[in-house]
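Letters A, B and C mark the chains as written, and numbering starts fresh at 1 in each.
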């Protein structure tokens, strides 16, 4: 058995000459700061800077990558502490997790966790039923030390910027508190909000009407009217921008866009706000709102992210009992080429607009997304998302996209995580896979080494800063 | 030219360190018994234990992988003996096959056949027009020897269990005869039936109404009513279980499921049984029946296999002249995520239920199937099927599935063949490709060798036994 | 930095034993003549044999691969000389192109251009802002030399046959002029027309009715009637055949076919010709015409090519301002399995008919296209097209297609280009990638070397001649 959990050559190609090249490229990017323009960490951690709780509460309970796998093999949600506001017996949950750790063989979760176990907590023996308690005790003890407080970890992780994801109704008090605290890492710490309007834009969200009203109160606009509603959204965007926000995010079921005449849009809004809209009208409203958001982005410069194609809360019983985001979101086939056309007809040729498209349907990569991004000046491709944020997924992304869209219509890496401790591991995986891909291009004489170095640095650092206007 | 047809390192990666690792893994699994939980061999072969006929009748006429390729290049069905109850001139058919053997370059058929030619018949020179007669004579002669009788081959192949596929109307006389014969290989020979209800569940089958009536007679239930029909099916399942059956199989055009209120289902059944149902109602009936079958599986423990997505008998003229299964079934794009929802809403969280999903549309692997199997406790992924039962297909399957669903939501290998002689070759290919995949993970430091050995053994042997409850 | 732009081992696998094998295979095919049965060069170049103009007009302005990438990164169409009948300042356009050359890293465009720069113009330093003028001057000077005239290049490129793509309304005067000029390269120069009836078959084309009338005048048939229209098309085909044409080409939005009773087809034609057809009727008419074209092919022996699945002119503003073929055609998901059925029901079993299917949706390769081509005697698979005419695209094509359809249901390579100078580079890429694929099969003992050599020669040369009946 290996004395260490992770190897310095992990994820680099086995062929010796290619590996040597990949190592050389990786050496050029491994120490670059982390730019994290899209994720789901909590600003409150950095505002309060309190110790993270025990290993089960920190690593198992909030991570749907972990509990979906255990659930798929018959472990109950209760046994993983899901649905409990505070885990009653964290050590018991941890032991259950540890005894199922073999399930993660070959998965990115395994790579992320082993990285954190070794690099952050100094663990060297594999997690298993036998080592469960040793792990639990070691991690618990470290989490109480000052070097493991959120701000200290932020600095240790070499983060340059970290974006959260926030509702337009959020007062962003914690973001303000961070700013006011005067905390600086690397001279210029930045925890930035991201404007995610889904809860006030997607009529399928429970409590939609109440939220629209709340948006009105907050902004002083009459959100009972279409114009007032749009103004309220514009004001909310401005409020986010004032706190450093540079991007919006949109998690729609499809990529459908629309460009209705104003009167029709206003009528549709009335129906939707009154809760009288059919499913098709709700879809049309979301579609219209993507185009409205693009229009506002042309005006205020916020970069637009679209994350379409997920059937949310697919498991009815789990949803009814435990609510949203319980590991049961399943992708569906998606069409970008027709769906985006109304928006692109209107704003596709705006060179000042940036729309970053994400995907969960890999069949669209070479068929639709690379051709679209390789033509429209406003379009860029986001990194492989969710299930595809993995070594094989990232490699396929480069293989399927590069020949048509090049490297410069992509935007670097997003860690897109709730799991703060996994951030360095995730960036490390992306950097290694990109270096592996580039090393193959060099080994096959499709790119010279000096160019590969430049591209590697752009993929690891430069493109994210540029695309997200950081 | 190579003095042998197959090389000991075949299908292992060329990179030397990875190949060495793959060899080590393969050495751990190459001699494990074969578990064949899904296939289309004939119980009668083992009941009667008579010699197989000549090479053309044994290897060409029944193998649609072979004659579809020759047909695609202009060889007529007649020239391959198709449509003849007994081939008039088997040597002539064999010569035609041999002179077109080059067409199979790069295909799994070539690998399977060369394996059998060398390992089973001791042939060492490549099949071609020149060697056609030598092959015909050698194979013909061997087939008359006792070591080439079906039972002897079963033992030589190191088979531990072999499942056939059978209609609920089948009396299973041959399965009974095998049991009564007292034949035992390895202490415990098992030829098991599989319950495949398509002919009495899919209204598109010719003679559907007659079969429903026959099901009633056989079971003593009134299959003119919905309740009686369901009871008759449950009785047929019990009859299969008594002969060792552990699984059902469902070859529907789509993966659509439904969960109708009982009264509606009963009405639909009446319409369907009376032959008055539209195509959409026929589809709805099949959909409902998948959920009914799942319900019975929750009760009786039979593992459920779903093989959807094939447009059967695509070539109208071939179908009209030669009937079903003539190499003209073509896959179609398929949706699992919406289609399975009614069934999963009802039984998705049953930990006692196992549903094995198969696919012919590789775009669903990373998009839908791995996410579904990586969450629902009842779901497992079957091995790559049909056109994808091939080195590249198997490798893509692991690459597309493992990162999201892991190894333990898959179920090992199915040979799924009518061609008894190809069974060892097919398992050998699967074991080699899995070892090649695992060797790459080890070479890239994504898995330790001790874990890879454990996984390799599970993929080759353990998972199939567990998933199929053998 | 490399002293040369292209390496003798480019695109061959890095693993040393596999590379050695690939080199041996490539040595067997690198000097075979080029067969170019499908492309978009201009017969007029060879008829007139005048010097090509400056580098920008020759290489940038007509190449939508190039200007789509620059446009996607914010370069305006005007800055690339698009929409100008003659580029006002070619050096300025060239400099803009050169300073954006890094965008093509990892793309086939880069490979094609570097090949031409080095092999044709003797350039050895990478194109960039710094070397822009040196490139411009070097290329400009060479283009004035007699060795760079179109006919000289044709000979230098080792072309054996080159097909253009032409409207049925084209008088083919330039093809005639070439024939009459007596020019012969390699004994038997052939510039052949291809019959592309889209403008008189697809009612969505602007000016459809006028073109139908023109077809009538040209042929002396009454194209106001369905019968007359079909007769006129048959006559046009005969006219093409007389000038060496062996193939037709059909660039429909979908692969839909139909087989209407004659009276219905006649009625549909009337409606379509009168401009009264709905979008669905226009689609049905195109579908019917594919079957009519197949019928004529059965009669006159022309090979049929179908290029479906592209949403043409996706960017509305670019289309309105600059017209068709401006780099904004985007593929869409496509169904072959149902769409082709009416045509295949009628002619699918004709061994005298050849239909070559192309694709822009890679998910269809293993799911639909390989199974179809591996069964129907009339079907063959065209090489990866457009965005997929690239090293990764070609490799995926072989990996996804070969195991089901073999090599012999594919038809070799098409360069399919407007960019005459890129032809040798494109064939070279295809030959190298095929040799890389075959070398892996040999290295993994899936094919013997003597067979790989035979296949390599067939893929590079033999299959194209055979499939296109050249």
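Basically, contacts are C-beta pairs under 8 Å (C-beta built on N, C-alpha and C of every residue); 3 or more make two chains touch, one makes a residue touch a chain.
What you are looking at is a predicted structure, and each value in this text was computed from that prediction instead of being measured.
**Student:** Please report how far subunit B has to rotate so that its Cα atoms sit on those of subunit C, a copy of the same sequence, as a value between 0 and 180° in steps of 5.
**Tutor:** A turn of 120 degrees brings the C-alpha atoms of subunit B onto subunit C.
**Student:** Any idea if subunit A and subunit C meet via the same residues, over half in common, or different ones?
**Tutor:** different
**Student:** Cα centroid separation between subunit A and subunit C, in whole Å?
**Tutor:** Subunit A and subunit C have C-alpha centres separated by 40 Å.
**Student:** Mind pulling the subunit B residues that touch 2 or more other chains?
**Tutor:** As it turns out, subunit B has residues touching two or more other chains at 15, 333, 363.
**Student:** Quick one: in the complex, what on subunit B touches subunit C?
**Tutor:** 1-2, 6-7, 9-16, 68-69, 71-74, 102-108, 110-111, 126, 311, 314-318, 327-333, 360-363, 387-388, 390-393
**Student:** Provide the residue numbers of subunit B that touch subunit A in the complex, in ascending order.
**Tutor:** For this pair, the touching residues of subunit B are 15, 17-18, 333, 335, 337-338, 341, 344-345, 348-349, 351, 363, 366-368, 370-377, 379, 399-400, 402-409, 440-441, 443-448, 450-451, 454-455.
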